[in-house]
Amino acid sequence: MRTKLNSCITIPAAWLSFCLLAGSPALLAAQSADQSFAPSLRVERHFTVAHRPVVTIQNAANGRVEVKSWKNAEVVIKANRVSDRVGVEMEQADSRIALTATLAEKSSRPGDGETSFEITVPEETDLEIHTTNMGTIYIEQVYGDMTLESRAGDVHLKEVSGYIIVKTMGGSLLCMQCAGKLNFTSVSGGAQFLQPQLSSLSASSTSGNLLYDGDFLRTGIYTLKSGMGLVEVRFSDSDSFDLRAITTTGAVDNQAAAFLKPDSHGLKHLSSRFAHSLTGSVNAGLAQVNLSTFSGTIRIRKRD
Amino acid sequence: MARNRPAETKPLTEADAIRLAQKGDAAAFEHLYGLHSRRVYALCLRMVANPADAEDLAQEAFLQLFRKIATFRGESAFSTWLHRMTVNVVLMRLRKKTLPAVSLEETMDPDDENSGPKRDVGAPDLRLSGAVDRVNIERCIEQLPPGYKTVFVLHDVQGYEHNEIAGIMECSVGNSKSQLHKARTRLREYLQEELRSQARQARQDQQDQPAAKAVTKSNE
Amino acid sequence: MKCTELERFVEQEGLDLLGDAQRKHLAECAACQALVADFAALTSAARELPAEVDPPPQLWLALRAQLEVEKIIRTAPDPAASSWADSLAGFFRLHALQFGFAAAVLVAAAIVGWPPEQHPVPDATPYAETAAVLTREVAHVQTVAKTAASPVSQSLRANLQVVDNFIATCERRVQQEPQDEVAHEYLTGAYQQKAEILAAMMDTPVGEN
């Protein structure tokens, strides 16, 4: 509706009124949206590194931490679905990159505080990862020294090599085609070592099951120890190892008796009156395999 | 006293230095470095025979050690832990320098058939007594495969016992003895070949001398 | 004695322990004589090589610089907390102030004399004290944390239960067979795990996801 005043003023005034009237519900809706959910963000940072970097991650947020490698001399960190509850800090000191994710305050919204990280690193990188929540740590094709600690989440390693320390409370370890030396400890988490090329392994759990299904390298030392869980090793015709299996109150299930000979080095093993034990050698006894449980079962199987 | 030792610090036991280093104390790090750097550097130098590479490796070994010092719990002697780290740094570097297919296992137990020295068929073995000097033994040690070299240097040069070497190399005592024997056998072959080669060269020089005299005479 | 047997003896026992059988063979076998003599010559030459070599001065300087850049070298430590036991006690003391667990300091000292200098002699007495301290602290932790419904807190409580069950099993064994070193080893490990779980529970704020 026009007035008899200047048309330039009248139309805009009406239009403005219309806009105000039409727009206010939208404005009100937008304002309340800010209050009802936190915005979803993505943060990406690039760090140039000169030589084998050390990447440390302290993650208090839920969510997966995934580390993969590439051939560039660069570390790239992508944090996905960061909410305003999660504080993410990244810092570089020469070749040391530190990522810290903290939870700012309590929230009752499900999924809030969930932040996943994708980190791409040079093939040769040292890693120190500590997670205090449920998220999984996943590492693929990285070579270096690693210390991985998870409170409740699992750890998955694929084609990883180096000196690897894994410590969990309840999380389990899945280790596929890993090489180098590995140390695993857990309370209730189990571990599976599939197609490994490990020259040294020490794995222990209070109640988790431990499985080693792969080759025993000729100079390797393998120690698997579980309090109450099952300890199982599977070997093949070409393996050569000395075996010592000992359990306090559990059982030894030797499904490969035909392949186990008396110790090839002529060493006398003093048997303990407190434990059930089995010793012997497969082929020339070049590697050392030590299996131990308190009350769990020890199983020795030959792969078909 | 080494002229390039770091500045003297107040006397500390190694255990105290480790505890202080775990808290980030600079003097403690320096003390630990001072206690162990000469053996570590010597080991690296024997393994790679190149001072620049040895320096690089020794620095890497100490860096890894000091980065991880907070995790040291005393399950083994500190020096064993350090030497283990040094050996692993060296072997990993050597592994990287060879073809990708070479596994760490092969550096510990190389294929004897393929890497022995050539021998003159029918030539008698030369006795080494009185003929081995520092220069030729160092040259021959350099040629040893990494796994053999490591055990030989640790045992025969640096004087570690087999149980200590087993802790450093994370292998069995039996394995350490076996590797040492193979290393010595291989070294013996290299030294004999070296002596044969020197003897051949000496004979060649003698044969050339009369010819040279004849040429000189004819030119006069 | 055959040559292979002599060689195996030298491999396993070294050159210094040759007995009558080995000497008899050496007297009759020129090849083995040569082997032993050559080994003696090369090990003697190897021993003359320096076991220690001074590194170049720039090695320490470069190392120190890198340690400072990576902040591994930090400010001087508090001299009052110079021992391992003190530093772990300090950690527990910090949380003890939060949760009133002053006695948690005892846990650090009681946990089987860490670090062990030698293999522990089976003795039930230290465990009784450790068990009593841990039991009191568990009661405190559970009082504070009973309202924590987060998955992490539930996981920690479940793991604590696993370790407690295992400790009970091992303790029964140790009581029946006090000389069973393997059982002592497992029990020691279980107590250490329990202390770690308690520390983790103290670390986890109530209500955190």
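Order of writing sets the labels: A, B and C. Residues in every chain begin at 1.
FYI, a residue touches a chain if its C-beta (ideal position, glycine included) is under 8 Å from a C-beta of that chain, and two chains touch if they have at least 3 such contacts.
Keep in mind it's a predicted model, so treat the numbers as computed, not measured.
Select the category (line, ring, star, complete, other) that matches the graph of chains linked by touching.
Contact map by chain: complete.
When contacts are scored as defined above, which chain pair ends up with more C-beta pairs, A-C or B-C?
B-C
Which chain is most remote from chain B in terms of Cα centres?
If we average the C-alpha coordinates per chain, A ends up farthest from chain B.
Averaging only over C-alpha atoms, locate the centres of chain A and chain B and give their separation in whole Å.
Inter-chain centre distance comes to 36 Å.
Can you work out the whole-Å distance between the CA centroids of chain A and chain C?
Computed value for the inter-centroid distance: 23 Å.
Taking each chain's centre as its mean C-alpha position, how far apart are chain B and chain C in Å?
The answer is 29 Å.
On chain C, where are the residues touching two or more other chains?
Residues 66, 70-71 of chain C each touch two or more of the other chains.
Which parts of chain B, given as residue numbers and ranges, touch two or more other chains?
Only 67, 174 qualify.
Mark out which residues of chain A touch at least two other chains, giving numbers and ranges.
Those would be 54.
Could you list, by residue number, the parts of chain C that touch chain A in their complex?
Residue list for chain C touching chain A: 66, 69-71, 151-152, 155-156, 158-159, 162-163, 166, 169-170, 173, 177, 179-183, 186, 189-190, 193, 196-197, 200, 203-204, 207-209.
Show me the residue ranges of chain B that touch chain C in the complex, using the header's touch definition.
Residue positions touching the partner: 2-6, 16, 19-20, 22-26, 29-30, 33, 37-42, 45-46, 51, 55, 58-59, 62-63, 66-67, 73-75, 125, 127-134, 137-138, 141, 152, 156-159, 174, 177-178, 180-181, 184, 187-188, 191-192.
In the complex, go through chain A and note every residue touching chain C.
Within the complex, chain A contacts chain C at residues 54, 60, 62, 93-96, 103, 106-107, 112-113, 132-134, 151-152, 169-170, 187-188, 204, 206-207, 227-228, 246, 248-249, 272, 274-275, 292, 294-295.
In the complex of these two chains, what residues of chain C are touching chain B?
It is residues 7, 10-12, 34-35, 37-60, 62-64, 66-67, 70-78, 81-84, 87, 114-116 of chain C that touch chain B.
Of all residues in chain B, which touch chain A in the complex?
So the residues of chain B touching chain A come out as 64, 67-68, 71, 88, 103-105, 108-109, 170-172, 174-175.
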